[in-house]
Amino acid sequence: MDAEKCEFLAGDESIEIIPKLNADEIHLISADVGPFEAGVGTRVPLWLALLLRKKHYCTIVTPNWLSPDELRRYLVAETENAGLTELPNYFFEIAHILVREAHEDLLESDLVKTLVQDLWDRREAKLRTSIVKFLSQKNVSHARLDYVQPTEVVAARPTLAACKQIARLVANIHDSQQSQT
Amino acid sequence: MDAHEGIADAAIRLVQELKHNPNIIPPYDATLMRQCIDTLNRLYDQNARSLMDPTGDPSISPEQITTQREQRTAAIIYIWRCTTAYIHERACRIRSLRWRFGGILPISIRNNLSEAEIEFFNSYSSALADFQSSLGESGVNLMANTEPPKHLFVQVRVKEDYGEFETNDGNVVILNKNSLHSLPRQDCEMLIRRGILEIANP
Amino acid sequence: MDDSFQPDALLNAASSSGEAAEEIGNEEEDEELITPAEVLLKMKRAWQNEAAAPCILPHQYEILEILVDQIDGMDENLARVKDKTQLKVSIHRAELQRINYLTSDYMRIRLKKIEGNVRRIMTQHNERLRQGKPPLLSEQELRFAEKYAKAEAQLLGKSVLGFLPTPVQKIPHPEEDADLSSVYLQVLEDNVENVPLPDYTDPTAEIIVSLERDSIHLIPFAPIRDHLENDRVRLL
Amino acid sequence: MIITRFKEDFYNVVRKTHVLMITSNDVDSLCTTAILSHLFTCDDVMFTVVPVDGYEELNDALRARQDYTSSIVLINCAVTCPILEILNVPPNSTVFVVDSRRPLNHFNVFEANQIRILVNEAERSSLGIPNLDDVIAKDEDSESDDDDDEYSEGSNDGGGRRNIIDRVTRRAVRKENKRLWESQKNKILWQYYEYNWHSTSTAVQMLELAAELDRASAELMWYAAIGVSSQYTDRLIPIEGYTDTCVTRMKPFITKFSPKNAAKSDDLLRISFGKELPLALYTHWNLYNAMAVNEYFACKTKNWTQKGEKNMKELLAKMGITLVETSRKFESIESKQKKELIEILDKEMGIGFASFTVHLGYSGQVNAADIARAAALRIESPHNVEPMDRFQAALRIIRAAISGPKDQQVILVDAFERSYQKMLKMIWHLVGTAINQSEIVSTGAFYLMSSQRAISAEVAESRHFLLNFTHFLLKAFACSKRGRSGKPLIVTFPLPQSEKQPDGWHVVTGIMPLATAFEDNTFKSIIGRAFERAAKDQQNMQLSFDSFDNSIITMRATDRARFFDKLQSILETSGI
């Protein structure tokens, strides 16, 4: 997995759009979408929303959780919680995609960008300390990381190599201990 | 000891050749390879002889003979590792060539391969082709859709004359050097990888 | 304008592969009729797992082939449409491209894993067959693996091994280290109980944990391998 | 044939096929191509873009595609020529012509199968296209019919001789009619083709199409703004024409994408339209330098003379501007002072120029005229750089202005400071030298400056340079002495040798007299027509009309004298 693949997966999340055209229902393999009525909000997968938007056929409605107020609430929660706070699915992917490709449709996109970055920084710091803590424990090979987001897993992937090294080290030590006894 | 360090030199150089050229396939080094194989065989013979005739050289103690043998074995394993690693790493790169250029190698790259490697490329190529045609009605194309799709079309600039190009849905476009095209991304991925087309940001 | 474009045909394509899926469903167990959308979801899961797993997982070619047929059918339908610039066509195309990426990438990841350690994977595949477990490789993959193993052996033989004394004529095996790897996973079904984890301070001891539904873990791969094959967890 | 419904008869037709856009390498065409590319991309239309410098490359591009069917869009190429006659148009293709050059060649207008010329409905009636019957002869069938008649009647008994006389008379009448028709036709066509000029920017017309398709955006408006600005800065249209297009055709977009109507977001692209100094690059320079090389201030102070600097200082003092202010980088001056300076200079220059300015977050403000200037220099020359390289480089300049501060910094600083300012200084220097050394001679019907000094291909092959230089020179020449505003000015430069350019060739161009009263907000010029006639029937002269502008031609240096003799007699009888 990498960031691009995470964004690909986020493309299947549903999002609200305001169509600018009228069109019949379309039967896709993944789902049926539409019918579309100009000016009447409807939900479609994000990839379709981006496609329609590129063709000037719709505007994307900023998800509620991406409003500055909601983002500030998440930030507060992130500060108060010791662990990670629960976020909507593919939070960072969707935020990045929208800021990059649809920022004209976002309300206060500059502010949103900053707040999302703040949230990311705060969570990243938490993850880093918890991973350091995890790697330095003596006997346990397992850590629980609820509510971690896909992109964060990608960012934390190097940890896997570290885990492997530790495992190999332990295995070697155990081997040599066994051969000694 | 010193003699043995010298013995592995060719093997080390072989591996280094690849290390120092991480993104290309340097010419196949038959000379070094030959040297490694010869050294390895010589060491092996020496060991064999010393095993068969343990008292061959009275001036050396039996302990010393064993140590020598062990050293030779270590050298044999080391050289074996280097040579097989050389072939193995090159095989990896040859595989990636197949993904980049399709079934036909540019002559400049082909010239850098050994005969066995060209054979390997061809067998790998046909194994992949068989695999691709074994799926679906008309086969699948694993060389396309190599990245998560973002847009249906891509703007490309032609870097070298290519001539007629037929897209999947039957449109024929003439790809002349220095023309700019908007084409279905899926159709022209291969030409992009081969360097005939270059993505031009709109 | 729309007459050349037949949404019905698209539906047919969808439902015919739906039938195909049903047959396979029957073969396996008494699974209910499976819709194309569900097939797609399964494929997505399989792709994610395969991409994140440190070794090759049992193949999911039943699902994959349904989708490949579906793509073929849709491609044909779209090729018949005269006005290629219709919005509908673009939308179907875009979806096809996404599915095509999913299936192609799934196959690519697996082929690369096979090339990386072809002999060991073939051994494992045969071993599983003997044990009556679901096969590791699909038919197509197995054929590819055999051909590849042969080509690799020939390359090594003609370049080095053939010129060496018999005892050193062995083909090198890359190490298999899935057993030492860790993964990120999410629990899908109800709590997964009794997962034995190695205790790093004592090689003979185990630490038993249970994993709550929906929770996410960084965890050694070996102990959860079976749970992954049984769809009780998914990799991230 | 002319089409006026762009959406129905052009866009909706071409979008169903592969589209080949062949585009002249100038800024308005580049912007037109950019807008069309955007529209095609929205609709998943496959297209190809081939930028060309002239007829030869245009023909090459068409020849390579003989056997394929597609819609061909010619952007500012060839509308003034009989397209099917002189170009290798693939037989199965339809050619759509988007062109601001006028007059439209009448064969293109009357050809109904393969040619579609896009013309704005409002402009159509003012094109003055002759009647079909007046300029294209009917089939000669009728005559042969008569002959048949003749034969059958002749076999009739009785009244034979009389019939013969009748017939002879009829034939004589017919011949006479034909002769009259011919001379009438020549007269009509003469009038129709007498002048060449430019109509509305094609980029603006394509922006209107985008709006009709509901796809106008600030980005597309920017392209159109650059397009129309380039017509002005390239000296293709007078300021009146420019202003007219801005306040009528661009108006709806100015309202829609103005910063006043922006949502709260800061990083939204907005474009304003307002008063601006017609002083090239001054916001990226200091005032003194910008003024010194400016046509208006240079002519006013005659700063190529020894007194020049003194005059300049006096002028500054008179306007109440200090030397310190003018030598500071304009950007670093505080905004209140900037406003005052602009106010003063605007009043002094009195040209009444307004321009488009980009507003984008915290990026610097850039105006469309400056971008059009820098892009023109980059796209038009030198010809030995691939046309596509120049096309893309110029597009990068235009896009840099709307894609954030980072790109602006890197790309624009280079385009402005390293290239364009150099050219401005060079123009000024060449003008000064030409005046000081009296290089301009009066030949009776026109003024001639025939430069022997080789200049780099980077400017010599650029229409933007040539026309700006020629206009500047004529103005400077006229203000040095009274009575010099009644004749056209012809200018020639030696072309540097290159792969594409054999040694010993000159580029020749010319402009109308300074005192010309231009009509219809256009620079109507007879120069191109005069060049064509001077070249006619001169097989032993080596010259080339490869440029789409017939007032820019190249010829062998040794043929110049004879060419100018011919031109002399032509211009004498034309009565300007």
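Going by the order they are written in, the chains are A, B, C and D; count residues from 1 in each one.
Just so it is clear, contacts are C-beta pairs under 8 Å (C-beta built on N, C-alpha and C of every residue); 3 or more make two chains touch, one makes a residue touch a chain.
From a predicted model like this one, the values you see are computed outputs, not experimental measurements.
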What are the chains that subunit A and subunit C both touch?
-> B, D
Counting C-beta pairs in contact, which comes out ahead: B-D or A-D?
-> B-D
Go ahead and note the Å separation of the Cα centroids belonging to subunit A and subunit D.
-> 52
Express in whole angstrom the distance between the two chain centres, defined as the mean CA positions of subunit B and subunit D.
-> 56
Would you kindly tell me how far, in whole Å, the mean C-alpha position of subunit B lies from that of subunit A?
-> 37
Could you put a whole-Å number on the gap between the CA centroids of subunit C and subunit D?
-> 61
Multi-partner residues of subunit C (at least 2 other chains) = 84, 90, 93-94, 98, 101
Residues in subunit D with touches to at least two other chains are numbered 43-45
Quick one: which residues in subunit B touch 2 or more of the other chains?
-> 147-149, 152
Counting only chain pairs that touch, give me the topology of the graph as line, ring, star, complete or other.
-> complete
Residues of subunit B defined as touching subunit C within the complex = 33, 36-37, 40-41, 44, 76, 80-81, 83-85, 87-88, 91, 95, 114-117, 119-120, 123-124, 126-128, 130-131, 134-138, 140-142, 144-149, 152, 168-170, 185-186
Subunit B residues within the subunit A interface of the complex | 147-149, 151
Using the touch definition up top, name the residues of subunit A that touch subunit D in the complex.
-> 20, 54-56, 103-104, 106-110
Subunit C - residues contacting subunit A, complex | 7, 10-11, 14, 36-37, 40, 44, 48, 51-52, 70, 74, 87-88, 90-92, 94-95, 98-99, 101, 177, 180-184, 197-203, 207, 209, 214-220, 236
Which residues, counting only subunit D, touch subunit C once they are in their complex?
-> 15-16, 43-45
